[in-house]
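Here's a structure for you.
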Amino acid sequence: MLLTLVEWLLSKLAPPVAEGLFRLNVIPWLALMLPLGGFAVLWLWGDAIKRDREDRGAGLLACLTVILAFDCAVWTGLNMHKAEAEREGERQTLVRSLEQQGADASGLKAIAGPYQPYQPYLLGRPDIDWISVAGLRIPFGLLLDPLTLVMMLVVSGVGSLIHIYSLGYMAHDPERVRYFSYLNLFTFFMLLLVMGGNLPLLFVGWEGVGLCSYLLIGFWFKKKSASDAGNKAFIVNRIGDAGLILGTILAFHTFGTFNLVEITDAVAARPAGLAVITTIALLLFVGACGKSAQIPLHVWLPDAMEGPTPVSALIHAATMVTAGVYMVARLGPLYAKSATAMAVVAGVGAATALVAATIALVQTDIKKVLAYSTVSQLGYMFLACGVGAFGVGIFHLFTHAFFKALLFLGSGSVIHALSGEQDMRKMGGLRRKIPWTFWTFAIGTAAIAGIPPLAGFFSKDEILAGTLAAHKPLLFGLGLLTAALTAFYMARLLFMTFWGSFRGDHEAEHHVHESPWTMLGPLVLLAVGSASVGFLHVPEFVKPVFRLEEPAKVTAAAGVLGHLQSPAAQAAAHGAHAAWLPYVATLTALLGIAFAYLFYVRRRDLPDKIAAASRTAYRVLEEKYGFDLAYNWFASRFVVGGSSLVLWKAVDVAAIDGAVNGTGTMVNAVSRWARLLQTGFVRGYALVMLGGAVALVGYLLWMR
Amino acid sequence: MIDTVVFYLFAALAVGSALVVVGQRNAMYSAFALIVTLGSLSAIFGLLGSPFIAALQVVVYAGAIMVLFLFVLMLLNVKREDSDATQSPGLRGAAILLGGALAFQVGVVLWGYRVTAPAGFDASTVQVARELFSARFLYVFEATSILILAALVGAVVLARRER
Amino acid sequence: MSQSILSALVLLPVLGAIFVAVTPRENVRTQKLLAMGMSLVVFGLSLWMLSEFQPISGMQFEVNRSWLPQYGISYHIGVDGLSLWLIILSTFLTPISLLASWNSIDQRVREFNVFMLLLEAGMIGVFVSLDLFLFYIFWEAMLIPMYFLIGIWGHERRIYAAVKFFLYTMAGSVLMLVAFLVLYKATGSTTFDLAALARSPVPPALQMWLFAAFAIAFAIKVPMFPFHTWLPDAHVEAPTAGSVILAGVLLKMGGYGFLRLAIPLFPDAALRFAPWIGVLAVIGIIYGALVSLVQPDMKKLVAYSSVSHLGFVMLGIASFTTTGVVGAVYQMLNHGISTGALFLCVGMLYDRRHTRLISEFGGLKIVMPWFSALFLGICLSSMAVPGFNGFVGEFLILVGSWSFSWRLVALASLGVILAAAYLLWMVQRVLYGEVTNEKNRSLPDLSLREWVVLGPLLALALFMGVASPLFTRSIEPSVNALVLKVESQQRATAAAAARAAEAKPAAAAPSQPVEEGK
Amino acid sequence: MTSLDLRPLLPALMVAITGLVVLLAHAFTPKDRRAPSAGLSLTGLLAASGATLLIMQGNGRGASVGGSYAADDFALFLHLVILGLGAVLVLLSPSYLRATRADRGEYYALLLFSIVGMLGLVSCRELISLFVALEIMSVSLYAMAGLDRERQESQESALKYFITGAFSSGFFLYGVALLYGVSGSTSLGQIALRLPGASDSAQALALVGTALLLVGFGFKVASVPFHMWAPDVYQGAPTTVTAFMAAGVKAAAFGAFLRVLLSGLPSLASHWQPALAALALLTMIVGNLGALAQSNLKRMLAYSSVAHAGYLMTALTASPGPGVEAILFYLVAYGAVNLGAFGILSSLARDNREPLSLGDVAGLGARRPAVAAALTVFLISLTGVPVSAGFVGKFYLFRAAVDAGYLSLALAGVLMSVVSAYYYLRVVVFMYMREAEDAPAWAPVSLWAGAGLVVAVAAILGLGVYPGPVLEAARLAAQALR
Amino acid sequence: MSGALAQPALILSLLLFTLGVVGVFLRRNVITVFMCVELMLNAVNLAFVAFSRQMGTLDGQVLVFFVMTVAAAEAAVGLAIIIAIHRHQDTLDLDAFNLLKW
């Protein structure tokens, strides 16, 4: 918006500058680089900024860069229709420069080809490489298509709000400069992840966001639990990353390219059900499991709540954790070629959705509930992808970003109000004390529970429809059950926090206060978003990316807002039998909320009774199905203990080094023994000589 | 024929006295026995047609070297060696064994090595002297003088009682 | 001028060492400045060489002078893509190490500087030698200064470590020496010139033995599992500068030796042994990482991590693909920079606290924020976070090795995971948490000197992470030539085998395949 | 009859005359003054070297005295080596003699006489002359070993050396006798001529003779199992004498060894080569293992000298062939190193004490950097690590062995070098890495000794970097034997 | 005539040589041991003379001459050593000289 204004102004004042600057090959780069610049400034001159009077400079700079990045994204969205013209211009300059260099331009077909609607647009100069050895070339190339655009908007949009929120939330933290620098760096890497035109570049963003996640989870590094959680997050993610990198390599060996577009092009030419494609898909999915906290690599996300709450909202709810979904969707054509891989994705997604939802039932930490909820919702998204509804998965990602960010920020507001208290058992009755927070939070809860016409309803509904369309009744059942559970635990959260009477100590009650406007503003905006973004029809918008059979009906020029469509009509598109679905889904959600009302408002004794009645089941849920226990045992006993006792002390020191030193010791021992032969008696010496003489004579005589 | 008899006579004498040299505890007796051995050898040299060497044997060996030995023996006043208490029997046994082995090996070879000696062999003093003073042995002669000088200096410096 | 540049690189440090050696013992400052000045001159010179270097496969700045003509030994030096960056690395790390030791070495400063300069000369000499005899001379001669560096300025068990280092390395290299001699005899060569020897064919059976001898020498230097046990001792006991040079440059000589000598001379055997090397490399990767995980001593941890990292290098070499080998060379540089920097960091902590035990630290981020930031950055580089240099190397190695053995690549990727584990765990225990040890309460943050030491390394790590083509461009042609040679050898061997297989049924009596060159 | 060419004798003669002059000077110097023995000796040795060089220029090069004493390239090369070693030793001697009780005028005379013997050893082409030359050297050394009459060890070493030496002489002579019995001549050339055509039984006898000669030479070069005297004698004898035993005797004895084997017994090469290989193997192993357990530096160096005899003998297996030149080169390198190493010990001597134990040299690196550096150079060369003459030398020795097909010897040799690194390095460890506890203040190195050490260091480093000329000379010398 | 005796003389020389060798080990008195060595040298002399006879050359005769000289020289130095060491230890027992060992 701002940019459009500037563009208009400039085009009036200095047309050449405007022409040079406002191009599709410039502005998205600007979106990418602004946060990086912000990070660099904050990191290098952090000391100087910290000495600023009001101490606001750092935060404002960080916010500014991200808001500008968002503006760039918006500009990009509004100008995507210019892609063709610009591509042609780019192509010609490129061909000219390449001809001058004497290279042949055959490898640049994606750029050289004629423009088609939704043909992905590659940014950057393909002759500047990040890595280039032999046949392996990885250019600094970005990819611009609807999917990227959606992700960019989410990342920079939600990111902006959370940056602003952080201004208030972190106002009193002595190290906010560091905080904002990390946040900026995260935004950069996340944008890189979604914009990267090839798998390695995507991987840079992938690991980069992981790194920022590590830094921000462990932001309060003095707390051991925080740094523990950071390590856990990074290492578990690394496991996934290993899968991702292996998948990347296998993809390169299979298709001869890292370029995402070229890979999807190449996949189209291959028959379905190839083992190698399944392998690639599954390896990449391991990466997705790590980043998006799917079973069995989900254990890091709940712990990640050790970080500041805005971080949880931005990284561990709205953006980074959805990277896995983005990646699977991005390579949707590849996955679509492998029924096995699709089944695995859907199965893992559904299982994660259900398991996480059940764990969320018994959590008492407000952020932990939200964390498990996130895991569960991510499972939902994978479920969507797994049944072939990639666009729906992205849709849910999109809506989820809003309401989950809202919920997290709302919980942050609650925690802020309670001076850091996170245990729901010590809350209650906050409805009136912090009404802004309550109302926005309630909207978020309704959205995630799937109450129409809020955002969550549309996306969730479409996922369920997708399972039906794919004829997967079991998955549908699981989805529905999860939806009910989701509604239940979210309502439980709402009731425990805002209903009843305050259960904390008196002093805490006294201190309860509504948050500043820097925090409430984003909350309100997000609430508006959560209520309304369901009407944006993202699936249709991104559909061309997945190269499914259905021809694209929409053009880029129509823009995002041109896709309002009723959910019922959308559901009808999936099949007539799904007409009942919205009602069932809504009913399920209401049922969940009703039960929660019963348990946590009406009959407060019931939960304990049920818990007591089914001890074992309760314990299983409390112990989160034992994943953490098992992993801890494996890591500390098996890996660390085994490495220490067996590999280091037994194998390395005792066996290998022992053999080395033993050789030395043995030689020394022989030597010490041998010196005793030198008795000092000269006749003994003579005798040895005589023996030698006899032996020599004998040798020469008889050995001839 | 007589030569042969005389040869074996002296040979027996030589071996016998050598046995005494080796088997005697009294160094004095050993020295005397050695003189006998040297004498017998002198005779055998004669029998082998080497009068010059035979004479030299008596003069240098028996006359000079052995006198030196006896002189030192008496100077140091050593008669018997010390008792056998510290003697290791292993050493002797091994020595005899190894000595036997050496003798056996060399003996076998020597026994098999037969060369007919040329008839006209002249090792008279004149002949030997001519050979001795030929250019071939010029160096050895000169060297011998240095050897004796070195031995002399060495003996003096070692045995001289000073300070 | 450009003809004598390599000789100058080798001789200038020696000259500097002589200058330093003749200064009076008390003039510590003069000695330091002299050594530093000379090493900077050498560094500058090497940069000039870099600017003159052409990205082609052949030898450049070559000098070939007869040295011992009657034995076919010549003073033959040159540089190509394989050695170029390793030379730069040597000349770069030497002044950094000297600066890092500026204050911490306060005894026998003169000798220290002399040995450092001699070491530099030896390292450069190894990298430029193109004659086996010359190579061996530098290879072994380098041991001596390193031995003294560990033995005199090392820590508690320095003598044990120094002697172990010396004997271990020497044991390997003497085997190589014998292999030289056998090679010389077997080829009937009249020269020890590398290129000439590489051209003369060696019977395959003999190649196996000779390659094994070379491989042991180089494997010890790398060090490959299970020849690595000297490394932790040497690293732990060496002074900081020694560790930096040891990790930064000396370990590279193993990999370099494979590339420069073992593989060109015995391509058949190299191919035959490649699977074994690959397996040992991967064992090294995982084993080194696991053992590293449980080390209580920071230097030991970094030392074992070297075993793991160099496993990647060896995997890349064993793959015999251009990508893999370029990755290996690149990874050698990365390891030199990041592990060198890690040792510098540990050294800075040691200078302050005189301990290297992880348990002695904690919460350093509170008292030394800048140090912590750089330390973390270097750890990230070491664990191959993309954007840093390590990623490029490891990625190239993994990509290149996939066709060699995807199983090994899959296993090697475990090492990537574990690297994060052991480094981050160390970071956590050293930097994070509260300051639990009162002695750490008032530690000063980085001084200007330490900034100058660490800053360039971290900057370089980042730069190499984003601008790798600037480096690989000059590495690739040489590697390509090497890989082509091995590949053509492979084809020739296969063809010979096929011919033999054909010949066998044809001829009633089994006949030996005709040896090449006859 | 052609007129007798006496020029080959010139160097030896000059040395012998110098010996006489030294004796006379000693006799005619008043008691209270010191005879200029060292200066005279040095002059004589240098003059003899000059004479040798003159001969090398062509003045009688290749001539021989009656066919038995030759001035061929081989002999002349070793002449220079021995004279050079002798000169350095003379430089090293005065300070040591003053510091100990071995200071006698006769020392230099005996030294010069032994050099005369050595020169003869490497020149003689006839076994009688050879034997006499051997005895000149031995007798002088017996006496020199016992020069420190106050020290019982010195006496004992002289006695042990003498008894075992005489014993080995017996074997040697018997071997000469057998060879004479086969060929009818004591001239090496004649023996070589007649052996190939001899009958089987004669061949057998010749082999026995060869074996017994090997015993004699084995004793002189201290090869296992004829080495047992070496540690005791090296340890007991005055240090400078030990140095000369290690450096000079080895050079001369190996020279004679080579000449006898190659000029006299080449037809039996296929027999004595494997025997020598076995001896070499044993010698390397026993020598190095023996040295490993020693803490007395002289004794350690003695064992190390045994070990080096083994290295040298590996190349004998490649003789005739490239072994000869390798041995010749190594003799130079090894001689310089040993003079240097023992020379360091001797030049630090003060008040009848010299550094003998490892503790005695502790901290030397800090207190006497130059001395420690020199000793380090020597030890490095002994280990065979570049850049030193020792490395180049070993390289050629082992190359010769490999060339001759004795790969196992080369392998054993290099592995034993690793073992040797341990005990050589131990000295370095003590010098540089241990603090001195209460080591006495050792004497400052005198000007003369310093000069000698500098020569040794320069030779070692010089030959390590640029061995070309010496190698070339060794090659020419080796050709003279073929 | 004497030619035929050469062969037995050689055997005799071997016998005497062996006796000398063994004697070195049987006796402990330094001087006796030394005398045994002299015996060895004499045996060698006999061998030289016998071979000289057998081969008909005079080298052997000459050799004997020089061996005797050498023996004399050795005797002089050897006995001097013995005298010198006797001053220290007042014994001629070879086994008593055992200061240097191991």
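Per-chain residue numbering starts at 1, and chain names A, B, C, D and E are given in the order in which the chains are listed.
By definition in this document, a residue touches a chain if its C-beta (ideal position, glycine included) is under 8 Å from a C-beta of that chain, and two chains touch if they have at least 3 such contacts.
This structure is a prediction, so every number in the text was calculated from the model and none was measured.
Shared contact partners of chain D and chain E are A, B.
Each step here moves to a touching chain, and the least such steps from chain C to chain E number 2. Chain pairs A-B and C-D differ in how many C-beta pairs they share in contact, with the greater number at C-D.
At the centre of the protein atoms shown, by the Cα-centroid criterion, sits C.
Seen from the C-alpha centroid of chain B, the farthest chain centroid is that of A. Using the mean of the Cα atoms as each chain's centre, the chain most removed from chain D is A.
Here the spacing of chain B and chain C, counted between their Cα centres, is 69 Å.
Each chain gets a centre from the mean of its Cα atoms; for chain A and chain D, those two points are 78 Å apart. Distance from the chain A centre to the chain E centre is 98 Å, each centre being the mean of its Cα atoms. Rounded to whole angstrom, the centroid-to-centroid distance between chain B and chain E, based on C-alpha atoms, equals 5 Å. Counting only residues that touch two or more partner chains, chain C has 167. Counting partner chains per residue, chain D shows two or more touched chains at residues 128, 132, 135, 139, 142-143, 146, 149, 158-160, 163, 167, 178, 181, 187, 204, 208, 231-232, 422. Contact with two or more other chains is made by residues 664, 675, 678, 680, 682-684, 686-687, 690-691, 693, 697, 701 of chain A. Every pair of chains meeting the touch criterion is listed here: A-B, A-C, A-D, A-E, B-D, B-E, C-D, D-E.
Contact residues on chain B toward chain A in their complex (touch as defined above): 91, 94-95, 98-99, 101-102, 105-106, 109.
Across the complex, chain B is touched by residues 683-684, 687, 690-691, 693-694, 697-698, 701 of chain A.
Against chain A, the residues of chain D that register as touching in their complex are 159-160, 163-164, 167-168, 171, 204, 207-208, 210-212, 214-215, 218-219, 224-226, 228-229, 231-232, 271-272, 274-275, 278-279, 286, 289-290, 292-294, 419, 422. On chain C, the positions that touch chain A within their shared complex are 164, 167-168, 226, 228-230, 287, 290-291, 293-295, 321-323, 326-327, 363, 365-366, 373, 380, 385-387, 391-392, 395-396, 398-399, 402-403, 406, 409-410, 413-414, 416-417, 420-421, 424-425, 428, 431-434, 466, 468-469, 472-473, 476, 480. Contact residues of chain A toward chain C in the complex are 43, 129-136, 200, 203-204, 207-208, 211, 214, 218, 221-224, 227-228, 230-231, 234-235, 238-239, 241-242, 245-246, 249-250, 252-253, 639-640, 642-644, 647-648, 651-652, 656-657, 660, 664.
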